[in-house]
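Note that the chains are named A, B, C, D and E in the order they appear, and that numbering of residues resets to 1 at the start of each chain.
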Amino acid sequence: MALLEVEDIRASYGMIEALHGVSLEVEAGEVVTMIGSNGAGKSTVLRSISGLTPAHAGAIRFDGEEITHLSPVEIVARGISHVPEGRRCFPRMTVRENLELGAYLRRDDLAEDMDHVFELFPRLAEREGQAAGTMSGGEQQMLAIGRAMMARPRLLLMDEPSMGIAPILVERIYETIGEISREGTTILLVEQNALQGLAAAGRGYVIETGHIVLSGPADTLGDDPKVKEAYLGA
Amino acid sequence: MSAGPEKAAAPKPAPEVPIRAEGLTKKFGGLTAVSDVDLELRAGEIAAIIGPNGAGKTTFFNMLTGLYRPTSGRIRRGQRDITRARPDQITALGVARTFQNIRLFPTMTARQNVMIGRHSRMRAGIFGSIFRPPWVRNEEREVWERAAEELRFVGLKPELLDRPSTALSYGDQRRVEIARALASDPEILLLDEPTAGMDPRESGELADFVLRIREERKLSILLIEHDMKVVMGISDRVTVLDHGELIAEGDPAAVREDPKVIEAYLGRGATA
Amino acid sequence: MPVAFAIHDLSADGSLVRIGNNLKDGISNGAIWALVALGYTMVYGIVELINFAHGEVFMIGSFIAFAAFGWLGLDLTTAIPLLILGLALTLLISAIASGALNGMIEKVGYRPLRDAPKLAPLITAVGFSFILQNVGVLWLGGSQVSVPDLIGSQNLLFEVGGIDITNGDALSILTTIPLVLGLTLFIDRARMGKAMRATAQDPDAARLMGIDVDKTISATFLIGGVMAGAAGLIYALYQTTIWFHQGFEAGLIAFTAAVMGGIGNLRGAVVGGLIIGCIQQISDNRIGPEWTPVIVFAFLVLVMLVRPRGLLGEETRQAG
Amino acid sequence: MSSVLERARRIDQRFLVAAAILFAVLLPFFFDSGSPFMDDAVLALAYVVMALGLNVIVGFAGLLDLGYVAFFAIGAFTMGWLGSTFYSESNGGDGIHILVTGAASNLPGIHINFLLVLVAAVVFTTIAGVIIGLPTLRLRGDYIAIVTLAFGEIIGQVAANGDQIKIGPIWDATLGKLPLIPDLGSSATLTRGKLGISPVDKIDLPFMDPFTSLNSRPWYFVALGLVLLVLFVNVRLRDSRLGRAWLALREDEVAAISMGIPTVKTKLMAYGTGAALGGMSGAFLGSFLNTVNASQFEFLFSIFILAMVILGGLGSVWGVVIGAILLSYVNSWLIPDVLNGLPGQLGLDFDLTQVSFAIFGFILVIVMILRPEGLIPERSRKQEMHGIGAGDTAGAGTDVELGEAG
Amino acid sequence: MSQRRSGLLAAGVAVVALSFGLAACGGSDDDGGGSGSGTGANEVSIYSSFPLQGASRPTGISLQNGVQLALEQAGNKAGGVDINFVPLDDSTAQAGEWTPEAESANAKKAVQDDSAVAYIGTYNSGAAAISIPILNEAGLAMLSPGNTAVGLTSDAPGADTGIGEPDIYYPTGERNYARIVPKDTVQGAALAGLMDEDGCTKVGVLNDNEVYGKGLAANVIDAGSKFDYEFADGGAIDTQAANFRSTAKDFASQGVDCFVFGGITASNAVQLYKDMGAAMPDAKLYGPDGVGDSDFAGGLPADVASRTKVTVPTLSQEAYGKEGAKFFKDYAAKFGEDENKIGPFAIYGYEAGKLILDVLDRAEDPTNRADVVKAMFDTKDRNSILGKYSIDENGDTTLTDYGVFDIKNGDLTFDEKISAKPST
């Protein structure tokens, strides 16, 4: 049984359906990347899993339990953390406060996790007392990932960690993603930056206009001409 | 006021460069969304702006249409400096647009939406609206018919004309949005991801339609687009933005082979 | 304007005593506005709603305090230790009751409308404001009611450099300071306080942290109401007169203070409240008390038009 | 339910309108011309005019105006200034009389024919509307509500303290020297404060006997005439280029301005029109109530009128008419005369009149929560209020910096 | 839609309209009210209009009760006709005081009732300014037990002759309004004289910007000009203000040692006197009849109350002799009040009722409005519970007695009687 099973979900914004039946699986310990161009529905898949845009049809199961209609709070409590598109750090809070909020549902001691995040991202340790809104995009991305890690998630959802970030930092972030995966956290990643995203993953899905059109091992998927075609045209 | 309305002025001969951005920059707080971009749209061409998510394309559009005020740089419409002009003034100068996430007026019918697009070319003021003299009646009737005409032009089925816009299919809503933009008799049409959310067949149809618009309406089109098939198929020139900066410009084929572009899209090592 | 009057005072008699006394009165008046403004700014910060009924919650707080004096048998003959105990108890009663009232209004009037157009909850807020005003009218009648002057509000406590500090001044300032400090500490440090700030800054991201946004919003209303209830007690003791209409003006003043300070900014709201208190005092003295409401409203308009994002720094929610 | 609505829709609307007007015209002939019912009817019609004016602002343009009483005040003061003995020293004490007959023509002060006063009231309130609106209408929706409220309060306070504002000397030193503009006398003040300007000239129309406070019938017909005029304006504006533009701005401001609709100018037209209509009704009420008194111009009044618009249905012309008539009678008849003792019968120790404003507050709350589109909804509002397609328009004003005028 | 259907509907509407109209008014369609001719019926209506809500409620209630008592004692009969008493309220709960709309509606209600022959009211002079002209047009007699503003009846000092007082209130040119309380030139002189007796040197004056308060303040200043003390005129107050401490401090710094307020209790008078008393710990405080009620007297703290004197056109209960004693006893019994705590205005309400009964007796036709007005103005040397008085051609009483009241234990207690002589 996979850790996460998404079965034929549909989700809409108002009158417009963004997902027309999407299915995917993520096994425990895996890194899975979903790629696709803008507006294909990548973010919506993640939002449906974390309960922000609940699916109105289909089912989402986490560790065997159906979570389709749970509230975001209950989903976080079950061990799914979501690093949202555009990072969404709390701009007028310090780095430390952002990290503390990541562990909002935990009542135990945070010191160890805090140290761990600072280990992953030494840059954050330097800026511990700085307001998140004043940091660069890359630093905010680090913070958003660190914040999600503070909940000790079993599954980490990441939405375009490379978006709008200088290439050097993108590499730095992907290195850390690898580290997080090696430590045993399962990751579902969504990327527009296809090769970058697939390079970090074991398996991949390609999504186009609300449908999964392709799936397979990440290394073969990256070479598939269809991917290039989808992005850059034939 | 007492004189009858003039007929909508015949389109003036298009100036050499209908719209031009010079060193356009927009900062939000510490973030630079668009950085020192020069771009011009030539008369009668279809130009595309492409780039990954968050590259600053829509911000650029919003500056051209007056929704955002540039932090620095200039925008010229022909000979005129419109850097600080209001959106309605820019529309009146013949610039019309659509939105990435369709922004039709939800409770209005398709026809009413298109009639709004005609607003800047109408003259009825408060007294005209209240007393409705003959010229206002004529104006209303003309706009009423013109709206139907535009909707026919974009291919909306006649029976959908007076349906609320929210009751229309996604593709029809896109069509209505374009009709609404065309209703203002623009010389320049800005399309923000016109194929977003369409399947390949619909996208192809739309691409053909954009070409037809240019043919029949003799206007210049600037579009933001993600669907590379569409971009490659119809644009005369492509400009690539990444991180708010212009990284490449040229004809589609050349841009597609530009390593900087491939890297921006597919990531490092893609060209290796 | 205050500066101009200060200069005029100096050039007239070379003394700062008068302006000093004015500022002192302004600060003790303004401290009450500050407490009311805190609730305003917290609520606006988190749900972007002008809680028009907030001033009325403050008024009801005053009324409850007045009633509590009766229940507890506090009057001018009560011995001082008992009086202090009784007032502390009253503070508790009126703060909790006002908090509960504000929370109830949120649940009944605003929560069902969270996804409606923005003007809808504002209209219900106006409706609640009227309902509460009428409750006030039924409770204590249509005009000002005298409250026993338990603390000898106008009695001189001490004098510094010609500035008279009365019992009322001391009460107002000395109650407000710990309340404001306590609240800022709570918002800064407490788990719920952090949840409030997170929700105010980005509700969706807050959900992803596991924060129950509905509960957090309720808590914000509750705490805002508690502050208003405390302000209600202080007002009753300081002014020694209460009436159903006191909340209307207080609400508008508090809203102005909140906007001045930058919506969502607690310290800003407090400073805004104090500034308006001083403006009122100076206007009372220099232009005439009957014109003070006009001055305050004109100031409100000016603030909204000139600096809708606040004089003291921007703290509005930024898009994603 | 829906079948009833369907049937109602099928009935030719024009016929319904004609029947309603006929009914309104015939109504006074079934009642004693001086009966309280007729008095209440005149008030109700004046409130219909007010509510339709506010409907242009709140219903059509979607601008929540909490200070509509300002226009009532300015309209009423126009009547007080130009139709009473208030400026008794004007024209050297001889007074000014323009097209007035009867008692007023011999009194000191300014006495100008009601129809001219009505025009002046429209001019004054429109100017005031533009002055208030120009800076205000750039703000976001909820801020507009508060700023208009503040303006309403300022005007009320100035009315209350206006007896301290001596306009005579300034007037006479500047305007009074011009030809055709009379002096006001050195002691002329802006208002008479809480003392109120009273009595006020009665309406004086050509070919009609002078109006008296004892015979409500002529007042009724004048008010009905104003209602018809204002209805005409409402209906015409709703179905016009402007009406469409208001709807567009309401639904998606960013899209609307991108389609070439100038925000401030378009909103200003709504605000100015609403102001003018409120001013007309204000002038009428000044004469009908026979007093222009600062205590009339309170926030309560703004909310009273707002409740009519909301109960009837924001933007729904006929709904607003019904809402205004209903609430007006609830206020002047149902609460005080019919149900006043109800709480007493239930063993409660108060009269219903004591809670009349809680009742209006309650109406606001209940309507917003249960039926936000009002009794007779306007189609687009109904969808909006139930969140269909309203989408991200709520925040639309905030994520765009609008260019300033100029 | 078919033509037939519209026709049916039209008929339906017409029928509904007809039946609605007929049912509502019983078909009467004559020109309502004000005809002046007697109806020949043997029942007349007497209206009263007093504020029954807000701070003026105690006064309004005692006035209304007084009228009611007088009428009931006469068996609701006078001049051979039955009397139907219709008490009205000219205040609203929300305003907490009288409102122009309410007073205007009351006056119209009376005017439109063909059986109405007298209107007893108002308490507030501002309200009278609204209703006098309306009643005047209908020729309906109005009798006030409470209005003291000068301009309602005469152009003596205190009247605003600029706007044409008092004539503007009488559009027909005929007088229809009389009062049994002395006008404020009398009270102004009483207060001014009292302050002179008490040795004031500088008198602070404020008013509440209403017809009564503003006029009274002007009358006090006018009457006080012949004495040695000075005035500090602070003008009008904002009655909605939370406190008046800055004005009080301002007076204190000017060396004010006496303070008088032209206004009523509903104008936030308690807070005003509290703040004045606190800022000027030695000053003497004076109030007019507008604050002569239990809300005011009971609201003041003891140290302020002990320095406050109130003038009321009423005397001690003993001063009214046997008839008075009986009145107070009856009133207390009927309305369940403590005989010693009856509001000072109750007796004026009572006398207003008595006078109207007398007027109806004397009127040629008590159902004819003009006759009633004539009889009211014909009141000469009437021996009343208040003493012997006449109504002059302006409608003013010839009484000039004022009582000075102290406040003891929160109650107004009679101190002395002053007979003031106004300067004009």
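To be clear about the criterion, a contact is a pair of C-beta atoms (placed from the backbone, for glycine too) under 8 Å apart; a residue touches a chain by one contact, two chains touch by 3 or more.
This structure is a prediction, so every number in the text was calculated from the model and none was measured.
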Relative to chain A, chain with the most remote C-alpha centre: E
Centre-most chain [mean C-alpha coordinates]: D
Whole-Å separation of chain centres (CA-atom averages), chain A against chain D: 56
Where chain C and chain E are represented by their mean Cα positions, the distance between them in whole Å: 39
Distance from chain E to chain B - Cα centre to Cα centre, in angstrom: 73
Between chain C and chain B, distance of the C-alpha-averaged centres to the nearest whole Å: 49
For chain C, residues contacting two or more additional chains: 133-134, 137-138, 288, 290, 293, 318
Two or more partner chains touched - positions in chain A: 14-15, 86, 133
Per-residue multi-chain contacts in chain D, two or more chains: 160-161, 164, 354-355, 357, 384, 388-391
Residue ranges of chain E touching chain D (in the complex, touch as defined): 1, 5-6, 9-10, 13, 17-18, 20-22, 24-25, 28-34, 53, 89, 92-95, 99-101, 104-105, 108-109, 111-112, 126, 129-130, 133-134, 137-138, 160, 162-164, 168-169, 171, 208-211, 214, 235-236
Chain C-touching residues of chain E, taken from the complex the two chains share: 53-55, 57, 91-97, 209, 235-238, 240-247, 249-250, 265-266, 268, 270-271, 274-275, 278-279, 299-301
Residues of chain A touching chain C in the complex: 50-52, 71-73, 76-77, 81-82, 84, 86, 88-93, 97, 100-102, 104-105, 133, 147-148, 151
For the chain D and chain B complex, residues of the former touching the latter: 232-233, 236-237, 240-245, 247-248, 251-252, 254-263, 269, 272-273, 379-381, 383-384, 388-391, 400-405
Chain B residues within the chain D interface of the complex: 62, 65-69, 84-89, 91-92, 96-97, 99, 103-108, 112, 115-117, 119-120, 122, 124-126, 128-132, 136, 139-140, 143, 164-166, 180-181, 184
